[in-house]
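Going by the order they are written in, the chains are A, B, C, D, E and F; count residues from 1 in each one.
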């Protein structure tokens, strides 16, 4: 049996923190799908196609990792794909409450799918996509926070 | 003397978590008014009239509970109604800071009105109206989270 | 019907923070019993008799407040006394988890007794009996933190 | 390849909260060892032999779960057993900091072993072995919190 | 050598909590610049010119304090001004995670500039500019929360 | 005027986390005294003389840093030495409440002395002396957590 897990998020853009969680999850599951939320109602810096492409370019070195855009209820996607788990990264206490709230709601809707939490490494514990966007906006150097394909993509856009 | 408490909120829509707090508060006060914030500047799923009607339908089994829309400073409402207390539910740590900040501001404005906190039961500790709206949006089943009148009201609306 | 609440604690010694909560609780209940835990297994600075006497001396100005030593399961005491509620003060986030854990356990054991939380005033939000004992130990001035009877009692003891 | 995880703790005694985590972990790993800390320097209610026996009696219905006493550095045990992960339950924010501190130390000592966190179910989120011992001590009913073998074991001891 | 620190924020409007931090910072640094974020994308109650003017009027009694509007990356400003530190106030746990995330990002971008945190006094620990705006909006009295120049400025505007 | 700050703690033993805070504090103050608490009532791994000696050996490369044992009320020491500030490191949320409680008590006792908080670097954010002692106890490698003089001192002691 292949154990598949979904790693859901907005990934606007993918950061080293996300990559770190993804690599950890890959050790424990046979396959991981990065499930990129379309988020049509929230304005994103990158389009859904760009966000997926940046994740793909950033995970090229990882076996058994796929990327897919998704719109809808996460547990529906998990069931459709036969996933056994949802993967989430915990960085700080402020993540805790939100993550638990979502995880409990998902458990009520799909008790057979487990949510498992991984710790981000210390180095990346304080990286957040929102801060990356802010630094980029003012022309700061984002290389310490995001993988090379994202650095390139940001370079090609003028800060807004 | 009748001890009246206000239970303020947006109730967009009322959840089992809200109902749980309301029933607890009712044990300790002679009467409780559910004070529904108009929130004209924030976009809500239900109108103020709908939100009040859904609270009313959901509390029909409770004696001594009334419902009223309100716009303005909460302590002004409390004074006008002769309330001795404001009731708040605490679910998680993330509620804590916001609730305390509001409670201290209210105390400065109206020292004679006490804010009291009740614990939501475990079962409902992670239910939030925002998550109910999200589940509804994607066609998920909201029945575990909200009382029957809200289930019906959501069914009659197409997810947006 | 007289609504009685218990306000349990070790009170080693009673502080202005405790007094503040007690006065708030007294506004919402007809009577409050300060239930002083014997805590035979934990070493206290004051004996159970001294702790009760210091509470009594400090609440002399408050109507409808009684003091009693107690050993056992708090919900048993609450039932024996016909109390409708347990009163707790919340000061900081670190109190939160412990208080909730106790409150949920008590609710399982005695669902008819509600635990209600009051906010300490800003002025006393950071006072803790353990810090009072530490300051006293090194000869510091405890008058900003504890009522006069406790100041006197501490003065009569040499710091250990 | 058999994926083994360790679930370490003191288990003094095992609670429904522990069992809940164990069952969740068992879904994601081929085998789970409950690693019971000897804790020679901390006074426990049950001896290490009793604690192991109570875990064994409580997990009899679970396939692929073993129990072992252990004294030493957890990562040494994990390496000796070829475990790929350490399993921890997260219940509340107060667990968070301690758990992360331990997990980071373990990661520095053994980077190849991942710590994964599972959420306790709402029902058991506030159960703690320390509260079970306190309730037992005063003759309260512990049956809502611990599995039948522990209820029996506690019944045979007089509260201390 | 003159040790300069920046105290950045939106100051919409400046509160007694801000003033308290500013006075504390002034004791430890030779000069403090209040760096007012333009925040062109966020709607503010007061314009950047008004916010700067209100800070200036409120700090007139303090030596060695200057005020400047700023748009961009904070560490760039700090370097341009030769500042040795960024000053931040910590009030509550909810501030903690956000502040740390920003501080770590700033440290990566400019390791030579230290972020230092001061505690707001108890009295002002729960004052927030967002609550001041809310109270003002409904015609409540803001005098306990903001200095006289801000009280005047708010009086001249009709609540929106 | 020489600005002196005290950096108080038990330092049982000094870790890289402590050193990190100390170096940051040294940038902002002209001199820093590491004030090592005697803690006669708490059992420590190292004696007060050993703890001071290990701090001294570990800070030899730092100008303007002195070390002194101390027993008593911290603010008394600060006044006697003419210190303008107390330095504390914040690592995690669990530190927050305790640190604030102490800081507020100290402020009441000595309003002229400021408590300032520095962030530990990510790398050392999860290092705690208690975890170092635990790792040492079971023969684990402590070199990633403590400076060389402490590694040597621990090597010369048999784990207890």
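In this text, contacts are C-beta pairs under 8 Å (C-beta built on N, C-alpha and C of every residue); 3 or more make two chains touch, one makes a residue touch a chain.
Keep in mind the model is a prediction, meaning the values are calculated, not measured.
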(request) Could you tell me which of B-C, B-E or B-D has an interface matching A-D, in the sense that over half of the contact pairs are shared by residue number? (result) B-C
(message) From the centre of chain E, which other chain's Cα mean sits the farthest off?
(response) D
(request) Could you see whether A-B or B-C has the larger number of C-beta contact pairs? (result) B-C
(message) Nearest whole angstrom, what separates the Cα centre of chain C from the Cα centre of chain E?
(response) 38
(message) Rounded to a whole Å, what is the gap between the Cα centroids of chain E and chain F?
(response) 30
(request) Averaging only over C-alpha atoms, locate the centres of chain A and chain C and give their separation in whole Å. (result) 47
(request) Give me the residues of chain E that touch two or more other chains. (result) 92-94, 96-97, 100, 104, 122, 126
(request) Let me know each pair of chains that touch one another. (result) A-B, A-D, A-E, A-F, B-C, B-D, B-E, C-D, C-E, C-F, D-F, E-F
(request) In the complex, go through chain D and note every residue touching chain F. (result) 72-73, 75-76, 93-94, 96-98, 100-102, 104-105, 108-109
(message) Show me the residue ranges of chain E that touch chain C in the complex, using the header's touch definition.
(response) 92-93, 122-123, 125-126
(request) Please name which positions on chain F make contact with chain E in the complex. (result) 3, 24, 27-28, 84-85, 90, 93, 96-97, 100, 103-104, 107, 114-119, 121-122
(message) If we count contacts the way the header does, which residues on chain F are in touch with chain D in the complex?
(response) 92-94, 126-128, 131, 135, 138-141, 144-145
